[in-house]
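Handing you this structure, nothing more for now.
Lettered A, B, C and D in written order, each chain numbered from 1.
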Amino acid sequence: MKKKECIAMLLAGGQGSRLRLLTKNLAKPAVPFGGKYRIIDFSMSNCLNSGIDTVGVLTQYKPQVLNAYIGVGSAWDLQCYSKEGGVTILPPYVSEDGGEWYQGTADSVYQNLKFIEQYNPEYVLIISGDHVYKMDYSLMLQEHKENNADVTISVVEVAWEEASRFGIMNTDKNGFIEEFVEKPAQPKSNLASMGVYIFNWPILKKYLEKDAVDPESEHDFGKNVIPLMLREKLKLYAYAFQGYWRDVGTVESYWEASMDILDDYDFLNYFDDNWNIYSAPLMQPPHYIAPGVNIKRSLISDGCYVNGEIEHSILFPAVFVDKGSLIKDSIIMHGAQIGSGVKIEKAIIGENVVIGKNSVIGGDGITVIEDKQKLKENSQVGRLYRLKRVDKQAEGVSRYLAESP
Amino acid sequence: MKKKECIAMLLAGGQGSRLRLLTKNLAKPAVPFGGKYRIIDFSMSNCLNSGIDTVGVLTQYKPQVLNAYIGVGSAWDLQCYSKEGGVTILPPYVSEDGGEWYQGTADSVYQNLKFIEQYNPEYVLIISGDHVYKMDYSLMLQEHKENNADVTISVVEVAWEEASRFGIMNTDKNGFIEEFVEKPAQPKSNLASMGVYIFNWPILKKYLEKDAVDPESEHDFGKNVIPLMLREKLKLYAYAFQGYWRDVGTVESYWEASMDILDDYDFLNYFDDNWNIYSAPLMQPPHYIAPGVNIKRSLISDGCYVNGEIEHSILFPAVFVDKGSLIKDSIIMHGAQIGSGVKIEKAIIGENVVIGKNSVIGGDGITVIEDKQKLKENSQVGRLYRLKRVDKQAEGVSRYLAESP
Amino acid sequence: MRNVMGIIHHIKDEAAFREITKYRCVAAIPFGGKYRLVDFPLSNMTNAGISNIGIITSLKMRSLIDHLGTGKEWGLDRKRDGLFILPAASGGNEKNRRRLDLEDIYVNLDYLENSQQEYVLLTGSNIVCNLDLTKVLAFHRQKNADLTVVCSEDYQFLPQDVARGVYLQKEKEGRISAVSPGKPHKNSVISMDMYLLKRSFLLQLLEECASLAKWDFVGEVLPVKVKKIKMYGYVHQGYLGLVNSWQSLYKHQMELLNPEVWRELFWGKGLIHTKLKDGPPARYYETSEIKNVFATSGCLIEGNVKNSILFRKVKVGRGAVIHNSILLPKVEIGEDVVLDGVIIDKNVQIKKGMQLIGNNENPVIIEKNQEIGGGF
Amino acid sequence: MRNVMGIIHHIKDEAAFREITKYRCVAAIPFGGKYRLVDFPLSNMTNAGISNIGIITSLKMRSLIDHLGTGKEWGLDRKRDGLFILPAASGGNEKNRRRLDLEDIYVNLDYLENSQQEYVLLTGSNIVCNLDLTKVLAFHRQKNADLTVVCSEDYQFLPQDVARGVYLQKEKEGRISAVSPGKPHKNSVISMDMYLLKRSFLLQLLEECASLAKWDFVGEVLPVKVKKIKMYGYVHQGYLGLVNSWQSLYKHQMELLNPEVWRELFWGKGLIHTKLKDGPPARYYETSEIKNVFATSGCLIEGNVKNSILFRKVKVGRGAVIHNSILLPKVEIGEDVVLDGVIIDKNVQIKKGMQLIGNNENPVIIEKNQEIGGGF
């Protein structure tokens, strides 16, 4: 194997339990996003765009969709058959004595130290497959080197009122981290960790081995490894990332991030051919927009047939929208069939959902309809209607709202 | 997924413990064979040559080398990214509650019933990655259909005196199996099972589910599932295979099969471009044969440098043989370096072994030298010399012989 | 259909496409928002299980080769058989106007000889349809034919394409009794330029052609042979576009705006495959007005688009009005531009305020890699 | 070297290779048992990290395209950059004997313009060596050169190739003061036909060439430009084969039989990649006698072979005596055949008892796909 300067370990095992209906059959990084992507596309594309050609993807929860999606990695120029590295999927391993799940983020990397050792890199980049952001890791690596740091953690400014929901860094005037507090009640700073770390490889190895034998540890980078390093006075630098970053961890934040993308003129890079967000593309014909409809502020993917009004919404591929329907502030996943005269507002419609004509979907909150549900004609689903549970077809519908009204 | 007529499940988890030094770091199907192949190449190529385009490879013991070797399967036109199926590697799976090894051949297929269901095939071909043979499975499938059988088992005639080492089929005059005896002391027939089965898919499913809940079962096809089917009076047909077949299960049989291949003018198909034995090829320059040497009845792979005498031997790629050496009745694995004046007879020299000049290797039995061993100049290794264990370099050398003199 | 191989022949009448074929062969002409013409015959063949396909091309092969790669998108990246790029005889010289030039195949005789399949499907690259070829083979065998030609009973040529058609006299049982290139006659059906025959028969024909130096399969060979062999016509019932000129290229793309055609072609028997490209979903703005439009990924639309086809990464500025037009990849339309009846080739910028008006019979064609307006 | 792109130009002097180039361009000439000439420049580039490479080719492209595929074996099957097949201007017409034809690049100007790299390495396809190109770039930067040419101080042309050489006057610091195509002079060093320059500089040169209609980089442009620009020569110290004719094609392959050359070329700085093919290991029989031979997979040898190179799947019958010969893939030598000083192209059968004798200066060349002897 060729020696590498920097390889990436991408944590993609997340269950995303707060995304509920969206992650029933797949891991959080595999959740579709932005009309044709999956969340993991952002981290994978960041790797390609930053010149990182070796990525270990640590999978765990419901990995099948993710495995099939990543495939041989060629969508991101990370061909697993390349001599240069490429992508390697690293599930928990079963040995003769059985196997068990990774115990935490740090444990998952610890279990794969041998994988990293093959490349004997100088630096290891740890990233997560759960976040929506565009980032050039090579700039972060450059600052890491310039500051002669042991570890560099990427941070982003969050609103002060939200700071207590994040891991917050308190830094000295040179940007070195003095303190790291998970979800502080009284935050001293608004610099939140993005879950993006660069470690000098010998340091990472040493501390993962230390952490592995600590019976008290939960084997988590944020909760255990970073605090230990701080206690032992290592040089931890905070790299200030400028740009959009979002942990898409709840249905609200998923919906909000989708709307953010919809409103950001060029987040998806219409103009820069050299910084694409890559995805494993589907073979779909162009979409068709019928006469006599209105489409405003929306993203429409290939294979759609649109004969209704679309306002401020995202249509994934192969969505069928029949005559006289109105879709507003919503996200319609792959293959959904929307009958005529349907009104959908502030909803997330799952893959291959069928909605009978003249139905009304949506209420005060965000309505989620699970994959493959079939709704009869004239169904009324949403916050107000949920509690009635009138018909059997409503099974699996907007369970999210029922649980947190 | 497209419906398939027949898909293959290839059992590749074998530990090959009787091959010992050859399987220390890899599963038996991954053991190199025949100068440029691994044992699994024969089954994989049989699939391609029989028109089977969907293969599940069940791995277990030390799968890393095998996984890397199979890669995306394109060496056998079984691209895992193809929509048609291709190769899928199926290791034991770790769920939230942990995971454990497959309990037997039948259990490994049972654990992957969902994989088979995706394709909803009419027939399932079960084969093993441990055998050296060339076979057109489509001819067997044709007989299976013509005989309207529930199960067809491929059998080969073995020498009567060896029959008690195999699973022996006793058939009626139409070829239907009346009795199956594992290693009979008094064999009634010399038709041995090759471990190649075709099942009607609904029957396979039913009996695997039955077998799975049987607490007495070892979950093995030969020991449990087939006998159960016979007891329940299913139609089991014996397909008589004509041709070379060998289970390479011991060092002796490995060596003998290698010599058989060496003596068989066309087993490796020099003449038929339409029945290749495919392997994942290496990038190696042609080999070079120096002046003043003798090469007789031997297979020489790419990348070798040959400046010694080679008689009735197989050289894997990138073997270096220095001046005045003699190699006879031996198998030299990838990258071995043989110094000048070395004599090797009836030996298996592991990958990247270095043998110092004027050494003498070989004795009465078969001498095996483990991968990566370095032997000093003038080493003498072999049956006669083994017991002395004179120098530290001999660590790992011919342990096989020491154990069974 | 493992026992059928395909050969896509090289269409020589490039002049009929004007500037469109200046940098590309006919097979590589962009069509329908994200396809190239070759995708249709290629997908029809691979969907039927044909896995050995040779494509004859000229020196203008670069975009075709870029498009096809190793044939991965069509499942043709394989060790056995797969996709073969075959050079035309004498470089696919445009002056040689043979309709189906057997010499192009003859110079690649070793490819044909080394193939293992029993049958050959010879087809043009300019046939837009979604067809189940397994039925053609079944028909061919059932009729015990020497040669089967796929034909259409109701296809209407544009006036300028009439002379480019090949007209067949079809008898009751489907037997073809006459082949007339260029001259329609009463009750004639139209050849779709897809011919199925045994490979051994094609090899024999090639040897005859070589000895006579007559190479035009449709113009010279078939009109004579038809009397001596069992030639049958298999009738294709569905949508058909024979793209023979820039006018029919325009017309048949505009027909995709009929949802029936869109559905039959792209959601029909088999999927039409094409080279996969990256790009975000199309983005429509507050100011956009869209009616009857076929568009694809990477488009950014702020203006008014009607009865038009937009390829990848087309940008339409605010206030622009695009009617009855076809915009190829990376076309940028400035603010307040007015277009009607225009085909704009790749990578053209139309600057603010420009107006280009053609019509349905004679669309304006704008050659690729240009800036129009603005600077001067 | 991510900031360097490569262009492999098309060698036009195909006549110098006689029958060898009847069906293939120079880049696709088989060499050294399993390679084609293009493998050497291509591998040198990819080993140095160059990942955007254009190869100019003529109509005889089929074997080249088959060989290269999407460039997977060289790690060039990628979304960004990768391998591009570029057609030569006017079909790579043989009559046009420009040594390095900038017009071929000019007709592919959009490729050059759309590339992102700062530098371009222009190289021929007939240069057999194993060279670390990162050192050439470091040298170029250190000298702050406008143009760096890789050169050899001790390469000896065969007499018939002397006129095909390009001779450089190199000053002490490596500065090149004169470029003389075809005419060696005292103390001149030899251009290896590898030129490194900024992409912007090449674009500027191309515009100048277009305005003057002078297209021969080596014959017309450099001899003049050398006075005005900072041109430096980087000296390659290792093995070199400039394959300019069938005689040097023979000579340089025979040199591979020197184990020093074999080791330097194939086990040196970087691995020479080529298309991977299936085939069993070479099989030597009881009756074989082998001395000083370079052979590869699929060979079956029963006869006597000395000082020769055997490509894939060569069969040598019992009693045959092969000396000083090069046998290309799938050549079958019958029993008791005698060959000395012969190059046999692909897929030829030499029947029992035939004798073919050439010599080291003038080997016999046997064209591909033939049967020699036997039947008549």
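Just so we're on the same page, contacts are C-beta pairs under 8 Å (C-beta built on N, C-alpha and C of every residue); 3 or more make two chains touch, one makes a residue touch a chain.
Remember, predicted model here, so these are calculated numbers, not experimental data.
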item	value
Far-end chain from chain A, centres as C-alpha averages	D
Of B-C and A-C, pair with higher C-beta contact tally	A-C
Centre-of-Cα separation between chain D and chain B, whole angstrom	41
Computed distance of Cα centres, chain D from chain A, in Å	49
Residue list for chain B, restricted to those that touch at least two other chains	74, 278
Shared-contact residues (touching 2 or more other chains) in chain C	79, 278
Chain B-facing residues of chain D, complex	32-34, 73, 257, 259, 262, 265-267, 271-274, 276-286, 288-298, 300, 306, 309-310, 313, 315
Residues of chain B that touch chain A when the two form their complex	61, 71-72, 74, 80-81, 91-96, 98-101
Of all residues in chain A, those that touch chain C in their complex	34-36, 268-270, 276-279, 281-283, 285-303, 305, 310, 314-315
Residues of chain D that touch chain C when the two form their complex	59-62, 65-66, 69-70, 72, 79, 84-87, 91, 108, 110, 278, 369
List of chain B residues in touch with chain C within their complex	48, 51, 74-75, 77, 79, 82-84, 274, 278
